[in-house]
Amino acid sequence: MIQIRNLTVDLGEFHLNNLSLTIHDHDFFVLMGPTGAGKTVLLDAIAGLVPVSGGSIVISGRDMTTSPPEKRGVGIMYQDYALFPHMTVSQNIRFGLRYHKIKPQRAATDFQNLTTELGIAGLLKRYPDTLSGGERQRVALARALIVAPQVILLDEPLSALDPGFREEIRLLLKRLHTHSAVTFLMVTHDFAEALALATRAAVIHNGQIQQTGQGMDIFHKPASRFVADFVGMKNIFPATFSGSSAVIENLKMVLAAPVSCPTGHIAIRPEDIMLSPAPTGLDDPDGTDGPDSAATGQNAFQGQITAIIDHGFIYELHVQAGEVVFKSHMSKAAMVDRALSTGKKTMVSFSPAAVHVF
Amino acid sequence: MIQIRNLTVDLGEFHLNNLSLTIHDHDFFVLMGPTGAGKTVLLDAIAGLVPVSGGSIVISGRDMTTSPPEKRGVGIMYQDYALFPHMTVSQNIRFGLRYHKIKPQRAATDFQNLTTELGIAGLLKRYPDTLSGGERQRVALARALIVAPQVILLDEPLSALDPGFREEIRLLLKRLHTHSAVTFLMVTHDFAEALALATRAAVIHNGQIQQTGQGMDIFHKPASRFVADFVGMKNIFPATFSGSSAVIENLKMVLAAPVSCPTGHIAIRPEDIMLSPAPTGLDDPDGTDGPDSAATGQNAFQGQITAIIDHGFIYELHVQAGEVVFKSHMSKAAMVDRALSTGKKTMVSFSPAAVHVF
Amino acid sequence: MTRKDPFFWVAVSCGMLIFAFILLPLVELVTAPSVAMLKQTLHDKTVLRAIWLSVYTAGAAAVISFLIGTPLAFVLARTRFPGKKLVESIIDLPIVIPHPVVGIAILGVAGKNHWLGKIMADLSIRLMGSVSGIIVVLTFVGMPFYINSVKNGFEAISPRLENVARSLGASMSGAFFRITFPLAWRSILVGMIMCAARAISEFGAVIIISYHPMTAPVLIYERFEGYGLEYSQPVAVWLVLVCLTLFLALRILAPSAPGNRT
Amino acid sequence: MTRKDPFFWVAVSCGMLIFAFILLPLVELVTAPSVAMLKQTLHDKTVLRAIWLSVYTAGAAAVISFLIGTPLAFVLARTRFPGKKLVESIIDLPIVIPHPVVGIAILGVAGKNHWLGKIMADLSIRLMGSVSGIIVVLTFVGMPFYINSVKNGFEAISPRLENVARSLGASMSGAFFRITFPLAWRSILVGMIMCAARAISEFGAVIIISYHPMTAPVLIYERFEGYGLEYSQPVAVWLVLVCLTLFLALRILAPSAPGNRT
């Protein structure tokens, strides 16, 4: 078990601010957060690679706050794999063996098993710069795992890989976790990875933990404005509630269930916000992106498009209804076909079930 | 009129390869293409800033192929605006005046009108590094326009701006074009910009023009594999046709209209590819992303998810049906709700109208 | 890097040793002569004349480098051509030639056996034992520092600024003088200071070309040889102060990575 | 940059002038002595001894810099601390001190008036007129070049490699000797060559410390003073060849931006 209590690290740009977190033995714990949130600093702090200015780190009951990295039993795998370029694959993997009291015969067996399991037995004499990204990653994993650490820290292990490879490595990580006693702590900014791998997860922002729990819980029940934003709910508004209706600015809307507290926030995913071309509420007969909702939805407002932002594969449309700006996502094709443009009047609608309250 | 004939430029990394292009007087011509396609090299060649190794550039009937930049009457505005940092806004705008035979009184009036129209009359004494991105752009526009060039070249004028500003500058560019006799040539990698501004457009790739025409024509009727890919049709397959049906690999599908030639390509937008969870063809009752099509579509194949790629706001799913891999886009929420994952069996469907033939 | 490891303390000890090695002689040099002696040295006309000659000739070398080095630095910063590496190596050559050899090499072409020497003799230009000779050798040793610094300065200015200026009607020289030059003044100044700092320290090449008139380093050497350590120290202190002033100006003007310059 | 503009031709002319200025003296130097004379010079024991002394002492300075400069360079590359800029400035100081002043400053602490000189006298270490004295001044002038080069080399190696090594159980020194050092050998070699190249050219500081034993630059000076230009040139040619070999090695080993080093 890793117990982090009120950890404070100050590296100028990057910092951790009174951070507390508990990771149980054999968890596959995934820490999510945007770039600069402090994810890598936290890993470095657990590994003992940055000076800690306050708080404590206890690993398996021993206070490791000021222990040097080599005494912690914590393996680390960086995003760029950090293989030793002047050593062969075999030398890379064996690097740590001399520092651990592992019997030569045991070490040889472990080496054999690991390289076979990771599919790198054929690469042993090659140098890192001749390997593909996926191969490097496997070598880095083998190097970290052969010394049997208590914890292995993974810094965005999938983000530097070709999309086609990710799936394969994801399955490999899951298998390695299942077949070993090692606790995995992985950081990522990709939600899908977290959902696919994590036994538990947390969201970090500004050097502090925002929310801890199951991946699906965080996705469906964000506990704060930041987490709601992080899981992709672009429409977040402070609201006042009465029964199962909510008021934001001057717009009143229906919720799926009654809310007890009088004030809070509502959040709506941009995919759940429908735009229908005619302010009369008439259906789009083309029907490629769910016009049904516009017809049957109980929440519908008249608005005007104020901005169209290109996000590469989709457009984000900002629609002002009263004082409120709703953000909706639309495919390029749908936008071209409907000839939407700034200044155009449109209906905004969403179903009560799409409104998340926190 | 700008007539470019067989233009060849070789700058190592960047090159133009026998490129021909005609731009009419007072066009707002938009040149689209991916990074590295040769867009900026073409602008630099028209402005006379790179050595040309073959072909000719004729501007308003005069062969300018080897003229120095200062003799061409071609203004240029770079993406980073390239304001002179050691001069005030006023000095920047007036920079070109001394090289042009403009009467002082006329120049003073033009200066007044331009700065007023562009809303920068209040910034004249400030230095560029104190200005916002939008302000810098207006100053760069004023500097280029005050010498009344025949042509103004715009290098991705909107890409460095905050999304909120883009709309404003887009309208400004349209107004400036309408109110002046200047020919505008703009390069961009954003389709929406092209559609909003262009009177004519072209797609450039690998130093050559791929297709020229109206923006909407290029979007709806891509003439080549590259253009189809560029306008976002991720599913492009060579196909054989007979009547109104097409065969790709071993899959037979229905088209909206009969095709005369026996072989060619078909292309389908990833947004038009629907996935339905049950291989029985049963509808998804949730209905947020158009399940109707799956039920009514005449083209439906059984497949298996082979990869899930995170594109930030949406996921791209690769589904293998027979020998063919279809790519579909799906929102994060939809994917989480349906619990799709690699290896899962699913139905792929799309309407005959979604299949583009070329 | 944790402060507990013995390795860290080995490194710190090495650092202390190096600081002592560098600072002890310099501190001793500056503190050995009494203030009265330092003041008195300033009344010695020979010393003043030598320091002034050093400053003046080093300044002249910097100005000459500025005049003929700036256009070359600009071309090197803005064009690519085959053999550019060789050209840059040739410009760096004076840095690696041992200092007395520089003097001997220049005297080699200034003598009457060489066509250049004959032309100079016809024009009654004499390098041996003359101020012009000193300026020539100082320019020779200082020029590479000027060109490298200014080339880096020009490279840091976007060619797009010149492009825009030309599209607005300016000729190449117009764009250079109205845009590039005013933006590069800082690196030009740094280059001139580096050139002057290198030139003012020069001894080996100068003593070959000109024992008289005497520059400050030659005077220091003469005093040392003729009268011993104590008499050379006060002059040395004043020269070091001039050099440190230049060094300080350099650090202030060129704050980024000035480590391996000068 | 178009080749039509007059400005371009001004720049090219300046370039030609500078090349002539640099190359004419060097070509004349190398071609003036006949091959027979050059060969004969190599039979002169004094010349051979002087060149060997120069090579040997410069090499010793490079080795000393390697031994005590490497740990300091590593600490400077890996840590941030207040006053780091000052420390780096102190390391650069020897570059800006005029060369004869370096010799005088070092003699200042080696004399019997200084506590350090007394200790050295007790240990019967003599700097004046000794090989150890030459090595000390050459180390003084060469050390900054070594430290700056190796510091840059260490900075180019990702600290993550050391981090991983430590997470695998290596101590700080283990990580340094098994990872960082083997990866930095190229910049260490470049630093040693730069240090040696600077040291082998040194004249002003050496002539103060030691007229005898005679290094090559001092011998060239002596021949010039005693016998004239013709007698100094063959020795100069051989020394220049040694320096150019080092320069070439440097260019080959450090291909990226070696412009303003050496």
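Each chain gets a letter, A, B, C and D, in the order it is written, and its residues are counted from 1.
Quick note on the criterion: a contact is a pair of C-beta atoms (placed from the backbone, for glycine too) under 8 Å apart; a residue touches a chain by one contact, two chains touch by 3 or more.
Since the model is a prediction, treat every value here as computed from it, not as a measurement.
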| item | value |
| --- | --- |
| Common touching chains of subunit D and subunit B | A, C |
| Taking each chain's C-alpha mean as its centre, the one farthest from subunit B | D |
| Chain pair whose interface holds the most contacting C-beta pairs | C-D |
| For subunit A paired with subunit C, centre-to-centre distance based on mean C-alpha positions, whole Å | 56 |
| CA centroid of subunit C to CA centroid of subunit D, Å | 17 |
| Inter-centroid spacing, subunit B versus subunit A (mean Cα positions, whole Å) | 31 |
| Geometric centre distance via CA averages, subunit D-subunit A, whole Å | 53 |
| Interface hub residues of subunit B, defined as touching at least two other chains | 68 |
| Per-residue overlap in subunit C, given as positions that touch at least 2 other chains | 2, 5, 171-172 |
| Residue numbers on subunit B that touch subunit C, as the complex places them | 44, 47-49, 68-70, 72, 74-76, 78, 80, 82, 84-86, 95-96, 98-100, 143-144, 147, 149 |
| Touching residues on subunit D, where the partner in the complex is subunit A | 158, 160-161, 163-172, 174, 178-179, 182-183 |
| Subunit B contact footprint on subunit A (complex, rising order) | 163-164, 166-167, 190-193, 195-196, 216, 219-220, 231-232, 269-272, 287-290, 292-293, 306-316, 329, 331-336, 341-342 |
| Residue ranges of subunit D in contact with subunit C within the complex | 1-2, 5-8, 10-12, 14-15, 17-19, 21-26, 28-29, 32, 68-72, 74-75, 78-79, 87-109, 111, 114, 116, 139-140, 143, 145, 147-149, 151-152, 171-173, 176, 197, 200-204, 207-208, 216-217, 220-221, 224, 229, 232-233, 236, 239-240, 243-244, 246-247, 251, 258-262 |
